[in-house]
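Take a look at the structures below.
One chain, chain A, links the two complexes that follow: it is found with chain B in the first and with chain C in the second.
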Partner chain A sequence: MRSIFVIARNTVADALSRIVLQIILIFGLLFLVIGFFFTFMTPGEEDKMLKDLGLTAITVFGLVMAIFMGVSLIQPEVERRTVYAVLAKPVRRLEFMLGKYLGAVLVLLLSVAIMGVVLVGALYLKQQVWNPGLLVALIGTFFSLMIMTALVMMISTFASSLMAVVCGFLFWSIGYSQIYIKQLAEHADNQASKYLLVVMNTILPNFSTLDIRPAVVDGAIIPMGLIAWMVAYGLLYTTIVIALAAVLFYEREL
Partner chain B sequence: MASETLAASGIRGSVVEAQGLTKIYRSFFGGTGVLALNKLDLDVKQGETFGIVGPNGSGKTTCLKLLLGLIYPTGGSARLFGRKVGDMRARRLIGYMPEAPYFYDYLTGEQLLRYFAQFFDLSGAQQKARINDLLNMVGMTERRHMLLRHYSRGMLQRIGLAQALLNEPQLLILDEPTSGLDPVGAYQIRSLITDLKQRGATIILCSHLLNEVEHLCDRVAVLYRGNLKACGTMEELLPPASEVVLVAEGVNAQAQDKLRQMGAYVAPADGLTRIAAPVARAQEVLNLVQADGGILHELRRPRPTLEEVFMSMIREEAE
Partner chain C sequence: MFSGHRRGRRVILPALALFVLVYPMQQRIVKDPHYPSEYNQPIVNIREGGTVAIMAMLGGFRPLVANLLWLKADQYWHSGASGWWRIVGILQTICEMDPHFIDAWSTFGWHCAWNIYADAPDQDKPRWIQAGIDVYKRGIYFNPNRYELWKDLAWLYHDKIRDYQSAIPIWKETLKRPDCPIYVRHMLAHCYENTWQVDKAIAVWKDCLRRDKRDYVARSAVDWWNEQTASKARTNTELLRILDRENRIRKSRRLPLAEQPFSIR
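The block that comes next holds the complex of A and B.
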């Protein structure tokens, strides 16, 4: 257990020293600040625009960070052979992988928190009102990013970094199109296509479940049950993906 | 737990045991694959310095990776300290220095050692003391706060050796420890290994520098194309010399002729005479040199070097 935290801390240090991640975060923050000054384009709906723009920016920049983090957890360690010295110590492969993942999740949490604070602060400056729905939307975004990082890490345990990145964007696109995939499956004539679509709909993540941006932008009240569902879905899906990644990494020849 | 004794680990002499260890690298699509290691049997005893030599691609690194559980055998099995490879209790007793060590270059030397030290059951004070000792031992105290990305190859090798010693290992596995080092750096690393050997550590030294292995190791395994070609002590591996060599002063022409008639090779130069004669006639030659008033400067029985024996094995294999 201790090894997991030691590796997680090192992963955070590694991520924070990476200029690419710093740039992504800075761009995310810049986008939020610039959006703040462009609300005049939607008179009367400034707060809606700011919320929509802000949450979208956090999701998009968070996605780029999640994919970058997911790819850089396992594969570079194997390619640069830094993993050899670690796994020659009393560290299990599972502990190594969990430590790396935990570190990545902490970095994502920190990034979402920083961008979230800027967004909430900007809205508060504009309206002098605290909107708790934003926090729920940020939690949903964070769980989406957790799932994405786990998926990309899982792919990178057996495939190249490029393949993992491509798969990451593919999962993200499919994850937001699950409602259409379900409809397609219902109306598919070909049995094979129907089967394939049902499998995709069942196995691949449904990010729309975790995306409550439209409701928050419209100022709707978010029921507690939805929050519980988001958390349960995010944790369960992540656990399953991590378990699969652990099996793949255990089997891998280093 | 570095202090765990061999006896407590259930060991009776053997630190590493491998039976029929085989590794075939197969591609994703299967096929016959590449045989990297073929039915290797090894038995490394406690306190022994054991060398594994062979040209590139002979299976040396594959063997080490199998012992460390980084890859899985296709056949056979290995045990460390009487336990399965991968057992954490055995892993606590091992130190491993990878070939051309790659470490996290955003850390300083000291930070790297602290990172690795946290994987062992050492208190903060113990970690600090151990790190200080090791940095001092490998001569890196002054560079402890320098980022690894600014280290030279020699510095990385030293810090690589230091991280392998953090747990005071009972088995030290070194993969090409002097590879790429300048003569001074290589000498210093060899001195450190000699020092560890004298302290009783069991060492597996994997190298293609045969001279280094010959001088450091008690026993050597020679690998070639994944097969164990020979394994034994230097006495066992290196055939006895067939000649003696004498260097003497004042050997007159008459004595030189007699020596030649005895079948000796005689080469006088600068007042000294170099004589090479069959071992069976050594006493006879010595008597003749001294009887004629010659003064003996040197008498030796040169054996073939490990390099010579190794090259002859390779040649035989190629033929």
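The block that comes next holds the complex of A and C.
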């Protein structure tokens, strides 16, 4: 257990020192601030626009960070052969992987939290109204990003970094199109394609289920019980993906 | 934990089975009575493959694209009538990208039924009014609990088409929605007046007064009706003449609607 935390701490320190991640975070924050300048030309619903732009910016930059970190957790360690030095110590592959993932999730949490607080603070400066409810919308976003990081990390255990990035964006698109995949499965003429679509709908993550941003922007109040279910869904899905990733990592010849 | 390849392979199938177990959990969330399901429904027809593909590519970033297009629409808006025609396509795309963008639906419907209607050739005018109705109805489909689009639809029937009889049930629906402004009840009363349902009109005005004693519009309406109906000797014809003279009642004109509106999905 201790080794997991040590690896996680190193991963956090490593990620925070990376210029690419810093740039992504700075761009995210800049985008949030810039959003407040070009709303003067919108007729009405300025409030909705500010919240929409802010939450979407956090999701966009969070997604880029999730994919970037997911790819850089295992593969570069193997390529640079630093993984051998770690695994030569009494550290199991699962612990190595869990430590890496935990570190990445902590960085993600920190980034989303910073951007979220900046958004709420900027909205307060603009409208003199606190909108802490917006942070609730970010819970769903954060768990989606957690799943994404796990999926990309899993793919990077057996495929190239480029492949993992492409698959990451593909998973994101599919995760937001599950409602259409379900409809397509219902209307498919071909049995084989119907089964394939049903399997996709069942196995692949459904990010739109976790996306409560539009509802929160419109002022809907999401009860804590429902958020607890979302958190449970995100955690369970992530656990399964990490278990699969661990299996694939054990299978890999090092 | 997993010592060998064979053992590892044996774990993959249970892991895949676990994904299947997660599915009921996801369904549990979606079917929760508190889940905002109106925000998680298909917004385009799956037969429109290209549009579905675009929606899929945009992932969860559709509201961002919609907001950026809204800025573009604003730019065309201020470029005068030449931009009016261009704005239609942009507004339609915005509504598809973010069907909960109330202001976009509202502007889109108003633009069709008022602005373009005024600019269109005579033979096309009925189709643009029908297009406006379709836009509002589609917006209501995605946002059934928001009063704004119900109000816009009712106003279209009330003010533009002047089909007061059709406007009455829509004003009533508007009143059922939360945060509905006070003037909506006034509009319902006017509708009753215009359809010569004086008793109902007076009842609505009195209801307005009961809700807000400082509602001077309702107060003056109630006083006016009391004055007009005080004299029992007055015939309906006389009353109608007075109403017409004082411009209290607007006659229905019922602008013709098109059988084939423009296609607003």
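Just so it is clear, the second predicted complex is superposed on the first by the 251 of 254 C-alpha atoms of A that agree within 3 Å, B and C clash if a C-alpha of one lies under 4 Å from a C-alpha of the other, contacts with A are read in each partner's own complex, and residues count from 1 in each chain.
The rule we apply is simple: a contact is a pair of C-beta atoms (placed from the backbone, for glycine too) under 8 Å apart; a residue touches a chain by one contact, two chains touch by 3 or more.
Predicted, not measured: the structure shown is a model, and the values here were computed from it.
Trainee: Once both complexes are superposed via chain A, do chain B and chain C end up clashing or fitting?
Mentor: Taken together on chain A, chain C would fit alongside chain B, as the superposition shows.
Trainee: Please work out whether A:R92 is in contact with chain B alone, chain C alone, both, or neither, and reply first, second, both or neither.
Mentor: In the superposition, A:R92 touches chain B and chain C alike.
Trainee: Determine, under the contact definition given at the top, whether A:R80 touches first (chain B), second (chain C), both, or neither.
Mentor: In the superposition, A:R80 contacts chain B only.
Trainee: Going by the contact rule set out at the top, does A:R2 touch chain B (first), chain C (second), both, or neither?
Mentor: In the superposition, A:R2 contacts chain B only.
Trainee: Which partner does A:Q183 reach: the first (chain B), the second (chain C), both, or neither?
Mentor: Only chain C; A:Q183 stays clear of chain B.
Trainee: Is A:A232 in contact with chain B, with chain C, with both, or with neither (first, second, both, neither)?
Mentor: A:A232 contacts chain C only, not chain B.
Trainee: Tell me the angle subtended at the Cα centre of chain A by the Cα centres of chain B and chain C, rounded to the nearest 10 °.
Mentor: 170
Trainee: Does chain B (first) or chain C (second) touch A:N10, or do both, or does neither?
Mentor: first
Trainee: More residues of chain A are touched by which partner: chain B or chain C?
Mentor: C
Trainee: Look across chain B and chain C in the superposition and give the shortest C-alpha distance you find, in Å.
Mentor: Minimum C-alpha separation, chain B to chain C: 8 Å.
Trainee: So which bits of chain A does chain B touch that chain C touches too?
Mentor: 92
Trainee: Over in the complex, which chain A residues touch chain C? Could you list them?
Mentor: Per the stated touch rule, the residues are 38, 41-45, 48-49, 52-53, 56-57, 59-60, 92, 94, 144, 172-177, 179-180, 183-184, 187, 202-203, 206-209, 211-215, 217-218, 220, 222-223, 225-226, 229-230, 232-233, 236-237, 240, 243-244, 246-248, 250-251.
Trainee: Quick one: in the complex, what on chain B touches chain A?
Mentor: Interface residues on chain B, with respect to chain A: 25, 65, 68-72, 88, 91-92, 94-96, 98, 101-104, 106-107, 115-116, 118-120, 160, 163, 167, 173.
Trainee: Which residues of chain A touch chain B in the complex?
Mentor: Listed in rising order, the residues of chain A that touch chain B are 2-3, 6, 10, 13-14, 17, 80-82, 84-92, 253-254.
Trainee: In their complex, what parts of chain C are in touch with chain A?
Mentor: Those in contact with chain A are residues 1-2, 5, 8-9, 11-12, 15-16, 18-20, 22-23, 25-26, 28-30, 32, 34-36, 39-42, 46, 52, 55-61, 63-64, 66-67, 70-71, 74-75, 77, 98, 100-103, 107.
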